[in-house]
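Shared between the two complexes below is chain A, which has chain B as its partner in the first and chain C in the second.
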Partner chain A sequence: MDSALIPEGVKRCPFPQFLTGLAVVGAVLAWGVFAMLLCWLKGLNQTNMNDSYGFALWIWADLAVIALGGGAFFSGFLKYIVGKDELKNIINFAVLIGFICYSSALLILAIDIGQPLRGWHIFWHANVHSMLTEVAFCLSCYFGVLTIEYIPLILENRQIDKIPFFHNLSHNMHEVMAVFAATGAFLSCFHQGSLGGVAGVLFGRPFAYREGLLVWPWTFFLFTWSAAAYGPCFTIFLTKLLEKITGKKLVKDNVIDLLAKISGWMICTYIIAKIIDTWYWASVTVHTRGQTLMDFYDDNLLYGLWILVAEIVVGGIFPALILLTKKGRSSESLLWTAVILACLGVCINRWVMVLQVMAVPVLPFEDWALYYPSWQEVATTILPVAYGVILVMISYRYLPIFPQERELNPVES
Partner chain B sequence: MFPFISFEWMWDMGHIVFMGGLWYAVSILGIGMTYCIIKAALDTQKGDDGGHHH
Partner chain C sequence: MTQEHRKEKKYGMVIDLDKCTGCGACMVACMAENNVPFKKDETDKLKSITWIRVYKLTNGKPYPNEEICYLPRPCMHCEGHNGHSPCVTVCPAIATDYDRETGIVSQIPTRCFGCRYCMGACPYHARYFNWWDPVWPEGMEKSLSPNVSVRMRGVVEKCTFCFHRYQLASEKAALDGRRELKEEEYQTSCTQACPAGAITFGDLLNKEHAVYHLKKDHRAFRLLERLGTNPKVYYLSSREWVRRSGDNYHPDEKTGEIISHH
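Up next, the complex of A and B:
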């Protein structure tokens, strides 16, 4: 039925099966949209946020998807600036994931601000002393970059490409893509960093507070570094997942191996920096504020010392060790383990830097402030996942996302 | 946001760095896209097919 739109030389599932898949994920999407409308129409009383939790599940989801979407800017940086040409075979998918992650982040922010009609105030009445203003600027501009990087992919659809103007536009955009990629890398460094900086400058909350360089706390650099390190793992994870679902090999092993190796080195260096940062914070920064390490790790279910071990050892050292070895990268099961642990590691890091910061008591008479999201918060957090699945389904079906697919899966005519 | 419209605007380092960075990035994206669109229109008019991608 839609065979004229499908790229030449590749096989896709029957149209009714595709529509059924869309309908199932669409139902989840509709549930999220319903919750989103409740938040917009009735207000933020639909959430469980309170005086202790101005930042909650949404902001964690925001920071997590932005970190996981870091694969787009770092792969672009590696391909267009460093010159790792092999990555051209995975860059389209990295861009798609980045586009989904950043549009999701903006959608979540649009719900979180409560009054989306006033969203433009952050630009018009910019508070130039706020790291969040920098985040808003860079996030919006970088989403523009990702849109520009995604447009040529859409224009390469079999039917659209037949129109000369769109064909030429797509060609010209490819020609100057290095300029857009460099701008994207510049913007990403700053907004990833500023998201970390927001936590690091909270001098009233010793759990988050860090010293730093000039106006930038160490968390600024750690957030940028971790996004560049862990983002490619998410790209590899989703590529492998899509290969499992479609039952096809979509990217050659040498491409995955290269990205995994670079990611492994990035995670290794990041985790060393993170350990030094944590050690200095625990032994110097915290003491100068009259507290000890264990003040921040009460033995409640959510925030025991286990979370620190899970973030640094399980989600950092383990994946780095696997990805640094040739044997680890070439073993299917070890590669799966490494990329899953890495994705969990960076998500735990963002959870800790958003939610544990809010949970830790800051005054001697306070208790731990625990928080459980409302169903509306959960539904609106799952909403971007459903949206992402739908966009991947449509893009994979109609656009040449994987340039090596045809060669790796020849269709018998 | 604009020096000639916003009543909050001040010619200080914060505004110059923040807003300068924003306008710098927006300009690169805007000029880049304008160049691509105009060149695509001219190429189409000339009958060039643009060649193969990548």
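Up next, the complex of A and C:
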């Protein structure tokens, strides 16, 4: 039925099957939209957040998707600025993932604020000293850049491409894409960093607070670094997942190997920096404030010392070691293990930098504050995932996302 | 009368914990004075708005050696380093500000868009979010104070040291041709409501105000001084364990000596 829209030389599932898939994910999306409307119409009393947990599941989701979406800016940087030309075979998908992650982050923020209609205050009454202001500006601008990067891809649709204006527009946009990739890398660096800065500047919260360089706490640099390191792992993970679902090879092994190798080195160097940061924070920053490392790791189920080990060792050192070795990268199971552990590692990092900050008592006479999300929070967090799946489904079906697909999967005529 | 002709002030509070009985009159007075909203069910204290909250501290010892102390906690109106309070610096929309004329940390509910970053930044939990729209029992809305705007759902609020009283007192003084306020002309509602006289309020820089001398008392301490928040609320206690409860200490450290920033 929609064969005229499908790129030439590739095979897609029958239209009814595609529609069924869309309907299933659409139902999840509708559930999320319902919860979102509840939050907008009835207010944030629909959540389980409270005055101890002003930041909770949503802010974690926001930080996590931005970190995972870091593959877009870093792959763009590697391809257009460093000149790793092989990555042209995965850059479209990285841009799509980045676009989904960044638009999701914007949506989550729009739900998260108590007065969504006043969201523009952050731009109009901007406090230039606030890391959140920097987040808002960089997030909005980089989303604009990602949209510009995504548009040529849409224009490459078989039918749209037939129109000379769009064909030429697409061609010309590709020609200047390096400029946008560089702009995107710059903006995203600051955006990732300012998200780290959001926690790092909280000098009233010793668990989050970090010293730093000039106005930037160390978390500023660590967040940018970790997004560049772990983001490509998410791109690889989703590529592999899509290959499993479609039953096709979509990207050649040498491309995945290159991205995995770079990611491995980045994670390795990041995790060394993270260990140094943790050691300095525990032995100097926290010590001078009358506390010790173990004051922040209670024996409750959620925030034991295990979470630090899970973040640094399981989600950092393990994937780095796997990705640094040729054997690790070429073994399907080891590569899967590494990218999954890496994605979990960066998500745990963002979790502790948001939720553990809120949980740890600062006043000596207060207790730990624990929190669990309401169904509305869960549904609105799953909402962007459903939206992302739908966008990937549509983009994969109608756009030439993977340039090597035709070569790797010749269609018998 | 222009601002530059006024002397710089740092309004602050000294709360004598040896006198506080934990009666909660300060909390009631504050709520009435500032139109603080409440709900039918206030059992979830993490969603209750209490601009000043009385904590119950114990020395952790079993009976008969157990001791109790009640500690009222308003907003600390932190000065931080040179006016960089933890909450003011993070607010992305300048909906909270450090007033260099009075030293009061203001809150502008009509500008706040409810990101709650300031709540995360405040180590004292002195900031509260309006999770619900305020609903007053029928007839009670007539008794609301006309001097304080009620806040809507989705914004943050906190103790303002009854700033509207400062404004009213300043206007009255201006009409009298005076630039400076007398100590008794500007007092917070909690100060006036405390039956034990445990709360003293005034200008920490003014030698004629009681707080100027009280903050130098050997029993004085502030909450979480080591974080660098530089709060303008001082506490007095003759009990060492109470003073030690005000901050985090390593076992080998002595309970802090007072470093006065004001």
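Here is the rule we use: the second predicted complex is superposed on the first by the 413 of 413 C-alpha atoms of A that agree within 3 Å, B and C clash if a C-alpha of one lies under 4 Å from a C-alpha of the other, contacts with A are read in each partner's own complex, and residues count from 1 in each chain.
In the analysis below, a residue touches a chain if its C-beta (ideal position, glycine included) is under 8 Å from a C-beta of that chain, and two chains touch if they have at least 3 such contacts.
From a predicted model like this one, the values you see are computed outputs, not experimental measurements.
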Applying the touch criterion given at the start, work out whether A:Y372 contacts chain B, chain C, both or neither, answering first, second, both or neither.
-> neither
Would you sort A:P403 into first (chain B), second (chain C), both or neither based on which partner it touches?
-> first
Kindly classify A:G144 by the partners it touches after superposition: chain B alone (first), chain C alone (second), both, or neither?
-> first
Touching A:P164 in the superposition: chain B (first), chain C (second), both, neither?
-> first
Does chain B (first) or chain C (second) touch A:A126, or do both, or does neither?
-> both
Should A:V179 be classified as contacting the first partner (chain B), the second (chain C), both, or neither?
-> first
Partner contacting more residues of chain A (chain B vs chain C) | C
Chain C-contacting residues of chain A that also contact chain B | 124-126, 129, 133
What residues on chain C touch chain A, complex-wise?
-> 44, 46-47, 55, 57, 71, 80, 86, 89-95, 111-117, 119-125, 127-133, 152-156, 223-224, 226-229, 244-250, 253
What does chain A use to touch chain C in their complex?
-> 43-45, 49-55, 112-116, 118-119, 121-122, 124-127, 129-133, 136, 198, 201-206, 287-292, 295, 357-358, 362-366, 369
Within their complex, state which residues of chain A touch chain B.
-> 88, 123-126, 128-129, 133-134, 137-138, 141, 144-145, 148, 152, 156, 164-174, 176, 179-180, 183, 186-187, 190, 403
Given the complex with chain A, which residues does chain B contribute to the contact?
-> 1, 6, 8, 14-15, 17-19, 21-22, 25-26, 28-29, 32-33, 35-37, 39-41, 43-44, 47-51, 53-54
